[in-house]
Amino acid sequence: MRVGFVGIGAMGQGMAESLLRAGHEVTVWNRTRERAEPLRDQGASVAATPAEAARTGTVLTMLSDDRAVEAVEGGPDGIRAGLPRGGLHVSLSTLSPGTVARLAEEHAGAGQVLVAAPVFGRPDAAAAAKLSVVAAGPTEAIERARPLLEAIGQRLFVIGSDPAQASLVKLAGNFMITAVIEALGEALALVGKAGVDRERFLEVMTETLFSAPVYKIYGRALLEARFSPPGFKLPLGAKDNRLFLHAGEHHQVPLPLASLIRDRMLGALARGYGELDWAVIGHLAAEEAGEPELAAKS
Amino acid sequence: MRVGFVGIGAMGQGMAESLLRAGHEVTVWNRTRERAEPLRDQGASVAATPAEAARTGTVLTMLSDDRAVEAVEGGPDGIRAGLPRGGLHVSLSTLSPGTVARLAEEHAGAGQVLVAAPVFGRPDAAAAAKLSVVAAGPTEAIERARPLLEAIGQRLFVIGSDPAQASLVKLAGNFMITAVIEALGEALALVGKAGVDRERFLEVMTETLFSAPVYKIYGRALLEARFSPPGFKLPLGAKDNRLFLHAGEHHQVPLPLASLIRDRMLGALARGYGELDWAVIGHLAAEEAGEPELAAKS
Amino acid sequence: MRVGFVGIGAMGQGMAESLLRAGHEVTVWNRTRERAEPLRDQGASVAATPAEAARTGTVLTMLSDDRAVEAVEGGPDGIRAGLPRGGLHVSLSTLSPGTVARLAEEHAGAGQVLVAAPVFGRPDAAAAAKLSVVAAGPTEAIERARPLLEAIGQRLFVIGSDPAQASLVKLAGNFMITAVIEALGEALALVGKAGVDRERFLEVMTETLFSAPVYKIYGRALLEARFSPPGFKLPLGAKDNRLFLHAGEHHQVPLPLASLIRDRMLGALARGYGELDWAVIGHLAAEEAGEPELAAKS
Amino acid sequence: MRVGFVGIGAMGQGMAESLLRAGHEVTVWNRTRERAEPLRDQGASVAATPAEAARTGTVLTMLSDDRAVEAVEGGPDGIRAGLPRGGLHVSLSTLSPGTVARLAEEHAGAGQVLVAAPVFGRPDAAAAAKLSVVAAGPTEAIERARPLLEAIGQRLFVIGSDPAQASLVKLAGNFMITAVIEALGEALALVGKAGVDRERFLEVMTETLFSAPVYKIYGRALLEARFSPPGFKLPLGAKDNRLFLHAGEHHQVPLPLASLIRDRMLGALARGYGELDWAVIGHLAAEEAGEPELAAKS
């Protein structure tokens, strides 16, 4: 299948490679072209504009935030201009539900269709095609996207026909990860200060009730106070938290735990932890309990 | 091995049965004797006092709170009076670290020894001998208790030599469960109000990042707003939250998420949800977002 | 002095009248003209467009939010088009610091100047010219505005030369009011449930430590659960809370109490209290403690 | 009138002097006798035991916490033993409502009566007889105590006939002070980081909406980050917060703002601020926003 792929970052690169490995004919575009060039060796073409990538009729985008997507959507070189009528845009980024709704509408106005398909997983999962994909959009469009989505992930979940819902589900999932980090942070701060062997504590927790990998990954990061190199940088996490809270505002849903996380994230940013993994918010519980601030902040 | 078992409640019954099945010679005692009598059929003796159960030289207790344990410890009919010098008390209850420390000291004063071994798991796990046991105490004493603890649980974790630490680990685990409930409650309240299929949402979450059973169990309870019959009653959960916060106070560790849970629990009690499962605290997020209060409160 | 006045709402009307009483020559404009007409009897002219009001050379605006101000600023009929070079715009509304900064810049681009001068006080204080005015802007411009600001308020505070700072000070003041409401709400909920005479309690508080009128006003509203007619509607309060939190985000300042207020406001909106005075957020503490929800919600 | 006075600390000394100045015949007792001796010069007698002070028939106590009061109540040298039948105990300390209720009951059992009359005000107000007194107890007993209470304070409020209610009102008042500190702390942290002149900001606030002295006193302390010498030490404030939260637990009233204060206090204690004035909790907002921790912690 001929496809365009826009956004060759830490995540996008693995995804584009997965598509190539699965036998798709991929035309890539990236804002800084050097990041795209190496994919030629694996058989990709490199486009000069997002429009060119979209001319394939099916384009996937994996970008850092709403603004980055908007920057490649409009204008004469943009995706909407390049995508033919009937064309399909599969948005893999984590965007605000509002932006997704607007993109869907704009594409519809041009006779095109949008599927939102944000993913769970870090760069290593992207490289190994082990992402989990949460898709929403018109049924027929999702079926068209299916071989592509199955090429980049190991699980595909269809959540509904409204693309904005996929976005909200992704944000809710990220929120639930932050709850894990906070819970681990507070528990480790207390048991550690009380003299319990924190490593043993984590072992008990992750081998009994909390067997999901997310507890092991973040538990270990907190245990070792190791937040660099970041798998997911704090400012990106703060963005997702903000979008989740905005959704709560829009639907009039109080979210006290998400609010607590918000203040943790601001506190971590104010301490200069902006280059670290978002797990660092779980370290604040220990700092508030008297542990020194992190020495090497980035 | 000859052992006494004090406290034949929903949890204690399954534990005592496990001990009998494993071939131990068990003398049981319960405040309301009728609950203990049926165990005779499985080969247990029924004692007239806790002291009598303790005379076996090794006694296990499974009671609802600090006060209940204190009520069977002292006095001429109490465990300390019945337990011979060198005797062993294995406390399976979830108690405050402070009470555990005091019990250990008092037993030591009588030439006896205390092992704290609180358990994770609900009554069905107790009945199936599938509990996880977190033990702390003098190494030699834990080795004496090992065959008993292995009879009632499928996993045994030794956390250290100070019995109070087992207590704190148990409280921290329960705290982490409440964090799961709150996170699920807020996420479900928001995605539900936004029109996402909540069941599908839960499926995505529990089949990807949050695969631990605790997410499935509490997610389903919240999805169906089904909190009765309770597996663990709200007031017991509120007690454990209080003990966790007290430990935070003692060690000067701020615990904002545990504080949030505290207020949820008080709110649920004030609404009349005291007979329900503690998962009901996760329903408050939906109520605050405009869902009606639960009709059948008990 | 010849001045234009844009925005004849509950607040603007009293302000315009104050200006007339002080002998100024006032040209008013309001989106729904009928609200402006009655001012003719007091000597005002009624303009057909904001531009016409601005042609006087000095224009004051009192509008509900950022969007309403933006709607009268631009375009051929807008304030910027009508205001002559060297003209002065005195913005009395509570706006986001970011919007104020942008307005200032745009006016500067047109050779005009902006003074931000948000006010503290409710419609009755506006009618009585007893507002407190917090102004920021270039010193010379503030001096030009001084007679106008002194005509509408009894106190004028100059906070600095950057208009956005006046905006932030206003938002901070409103935040501090919400803290009073929340503190009163929690205290009244607890002492009331404990059987203390709540009226007597309030009397003690307001006659000793908390003698500021704000405690009396909101204390009484909470005591009587009387939130209608609203002096300041909940959605406007929610807007100011949002702007305050945004400022915290921008400057990386965690604001846990403001976050708590945010969730209170969303909870109150979700309960259907959107037509009530913002003091209603202080009633939620009582509702969470078991008091029934307000029957007449608007 | 012949009275005993037990507890010659920073507060008690001023109170005892006020009683002497008003012409009462005062017998004082203090745990460390040296603190009591200087009062001889002003005409006081010094008792050897609390019982001896109570033998006067009317005894006032001003002690730091529940435990300190319990330590002087019982035993052969205690107040209950010394107070004649029909005798009156006026408790001026800030105690838990539960302890007050128990003391009242125990006195009743001995044919004696308890009035709880906690005070608002710092040591300087005690020295100047300018305290505000909140009394509760049997009407007749309060009338007996009235001349004494009027001698130590400038305002006397009778809150009801149940002594425990006076205690709760006092705790609620202290809670409301902490809300002021937190609100000031967050507002100052944000406006300061945004470049607003913090002193000017405080001036605007305290000369308009927030004219109560409590805003001026704590605002200035925060402005200057001056928390020593302490007027009211952090650990005492933490005790009162704990008692307030306990009352909330007892009456099933969620108190999210009081919970937030709890975590602030623990955070301040963990940072080593235990010797400072409780206003230091308002400084944490600035620290979380990136301000360095206080250098001289005591």
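Going in written order, the chains are labelled A, B, C and D, and every chain counts its residues from 1.
In this text, a residue touches a chain if its C-beta (ideal position, glycine included) is under 8 Å from a C-beta of that chain, and two chains touch if they have at least 3 such contacts.
Predicted, not measured: the structure shown is a model, and the values here were computed from it.
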### Message
Which chain has its C-alpha centroid farthest away from the centroid of chain B?
### Response
C
### Task
List the centre-to-centre spacing of chain C and chain D in whole Å, with centres computed as mean CA coordinates.
38
### Query
In whole angstrom, how far does the Cα centroid of chain B sit from the Cα centroid of chain D?
39
### Summary
Note: chain C residues in touch with at least two other chains are 248, 252-256, 260, 263, 266-267, 270, 288-290
### Message
Based on which chains touch which, is the overall arrangement a line, ring, star, complete graph, or other?
### Response
complete
#### Entry: chain C-touching residues of chain A, taken from the complex the two chains share
242, 248-249, 252-256, 259-260, 262-264, 266-267, 269-270
### Summary
Per the touch rule above, chain C residues touching chain B in the complex are 256, 263, 266-267, 270-272, 288-290
### Task
Would you tell me which residues of chain C are touching chain D in their complex?
97, 120, 132, 134, 155, 157, 159-160, 162, 165, 168-169, 172-173, 175-177, 179-180, 182-184, 186-187, 189-191, 193-197, 200-201, 203-205, 207-215, 244, 247-248, 251-258, 260, 285, 288-290
